[in-house]
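Residue numbering begins at 1 within each chain, and the chains themselves are lettered A, B and C in the order written.
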């Protein structure tokens, strides 16, 4: 697949922008010679039909949720409603500059304010910031909030964050960015947080615990109330990673479980599209005690008018240029309004049903390390399918069956992990076809392992050489060579 | 590939080849096989002092990064700079040309706490 | 619920397949206490027509939508070619996930390779990541990277930064234990003779918050071992000497001008480029070229071992998503304009801004803040209360930045204007005329 740099060199066609309509001045009269660029950046000039064909062809090399099942665990690849897209593209929303006089942006400000109220309702927590631009961004926001909270209380000896060994990589990375050190708590044989291990670590040097609920095995922490109580008893706070909110959406609220900080992934649970890797939106909800530390500006309502409150007080400052990814949380807002309480409830229960249905069928062929009721996702292992066959081989072979592979090699506590999350927007028929494909692959692994080792065979490219990419990185188009 | 009887080993999969007071250190064949194709190695500066158990450096493959721990304490007197251009040597010859650092040992008695080849092979068999 | 394909009959069959009697049983693992505490939002579901109508009515309350904009400060009103949204609305692009399975993501990955290349060409740097959340967090990440690379946790920062860049920088530096030292301005430019000697990084913005183009020629030499970090305007890069040529170590920018609507401040596009020598210390996703099993050229995520999913607490950054679709938008935008078109665009901005600046400064009592060179943003000194002018323009549906922005930088009785290619001569003349009447 060629790049735009592979097209023949030519001059631009112009035609997108009009000619200059004010009297032109010599560039050197406006800018000193030594500040004027001498070289020409090697940006190609393609005609419009070429641009369109090029990117249309590229798009066809991709696989999106609109193409088929995307069972990535903890990613919640649910259907992206099109009405959300249309709303976000309305010129009345898209054209608004963030620094405009608030009087002229009452519509957008009301979205920020109302969305914040809805997210508080969904979490059962006191207040929310919409600034974080992604889940990981929400995590560091949460860690910064904890840091400020303890600073304000003079408890600067609290330098540690505890997290389970099943935690997503962003969790310890976020904690470290805020200057915390990280201690892993081992999971018990049941895959849940080992309470003894936890109590053994809890002391006054612990700022808090970072939990994913349900955890990355798709199992709900049944001792969640005990866990949060234990942490609170030693003066620590509880951070909940909300990546798996789809598991209990409409049925339970993290605020009721003892969460002090909770981040959303609106591009997961609330149907905003993943965009090929972003932009996301990761709002953070907090309990009453953390409200004073939320980022500025805050959007407030006073006698029917929305305004920006820049009063810094004890706030951590700002995490984003402006108010967060408005164009993304606008889509999530539209989704929540569409679903209402019944829709949120149905989303949660169908997500859990779909996952358990798949788990029940697939455990007959693949090893299920934790055989019990799961929530919206579950983890299998590729170990034991056949000698010399890895989870990677199985994943690549799934591509030949027309499915995007599930998450592989995560969580780390299961060797050769396959983490599967179907979401509620898949039909039973699709789930059956997916299970059938995995069953066929298991047989192929025994009878014809090379089919797996050399997979994929039918994708736009065959298996790519990662080692070569890593050893000799070519990160820009090789012009000179 | 066998595990040379004259070397000593750690549970963290490092090996030590002691010659008088100087110890050559590397990672074992088991470690390189678990890591996969090595793409990058991070080594300490010559002259660095390390205690037993400190992180010496890291070995990176495409999918993982492994810390290398100092099996014994001392001063780093030499590093294998070949690995900068050919990190794959760790895969092809982990016990020989794929060595990482040479340490001038400060406390030779620490060698006694290391495993012999038989004990190390037992450990990896159980993994 | 129309987004859920399964029917009651499907659910019944599935429940019996898993040996459960009711949907409620599926939540038996949640403590009863928690379930009892649950409270719904109190909102009913809505049809698509109702939702659409409701949201559209909110846009009626955005009076700014129909106004003429001279707003700037990092976010600008540029023309977005039609091609851009048609391409980025293709669902293969926007409903795809992060390209962890590269064989199914060559569309995204090829476009990202193009993006990285384009950013390097424009900034004059060796390597660029495939984007970050916005220009402000990209700058904050640059500060943290400079501290990592040099081992020195003190960063000197020009006072002539956009307020939002400084706000976010302050927060990130406080949290990660980096001390900020201010570099004062002289004649509305960064005073490089007053850069503290013992710092890990020096941050300067060009054009700066006053719209002034900074002279970066001697900076690198003057700052010793510190990393030179420059935050730029992306459109200006096609006609101004890029920071790479001045020896910059890291270049960041807010990429919104490359095809993204202002969208009330998000989603945005953080640009980040640096030297190849610092590759392993660089945050963010990187896409590299490789070959597949048949020797065909393909693209994949490279140097992932820096990232959170492998390094965890030792990662160079915790960043997971980038601003992928926004980076794709910028790529298609740049491909549509082409190198020549981008240059024309920058010239239109330059010329129109200078024309308007001339006309405005010819008004009685008005003058430009200084005679330093500028690109498409400038500050006008006015002889009356600038709020009055701003309010008066607003009545005519013309928008300029809040004078409080300039006041915060110590400049009173002034208004900042940003002029883009969208402003016709007629609009410029009309605005100048209106300002003249208010003096």
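Note that in this section a residue touches a chain if its C-beta (ideal position, glycine included) is under 8 Å from a C-beta of that chain, and two chains touch if they have at least 3 such contacts.
The structure displayed is predicted, hence computed values, not measured ones.
Student: Report the chain whose mean Cα position is at the greatest distance from that of chain B.
Tutor: Result for the farthest chain: C.
Student: If you average all the Cα positions, which chain's own average lands nearest?
Tutor: That would be chain A.
Student: Please report how many Å separate the Cα centroid of chain A from that of chain C, as a whole number.
Tutor: 19
Student: Calculate how many whole Å lie between the centre of chain A and the centre of chain B, each centre taken as the average of the chain's C-alpha atoms.
Tutor: The separation of the two C-alpha centroids amounts to 38 Å.
Student: Averaged over CA atoms, how far is the centre of chain B from the centre of chain C? Could you give it in whole Å?
Tutor: 45
Student: What positions in chain C touch 2 or more of the other chains?
Tutor: 304-305, 310-311, 314, in rising order.
Student: List, in ascending order, every residue of chain A touching at least 2 other chains.
Tutor: 466, 469-470
Student: Using the touch rule from the top of the page, what residues of chain B touch 2 or more other chains?
Tutor: 39-40, 60-63
Student: Okay, in this complex, where on chain B does chain A touch?
Tutor: The touching residues are 36-37, 39-40, 60-63, 87-88.
Student: So in the complex, which bits of chain A are touching chain B?
Tutor: Listed in rising order, the residues of chain A that touch chain B are 409, 466-467, 469-471.
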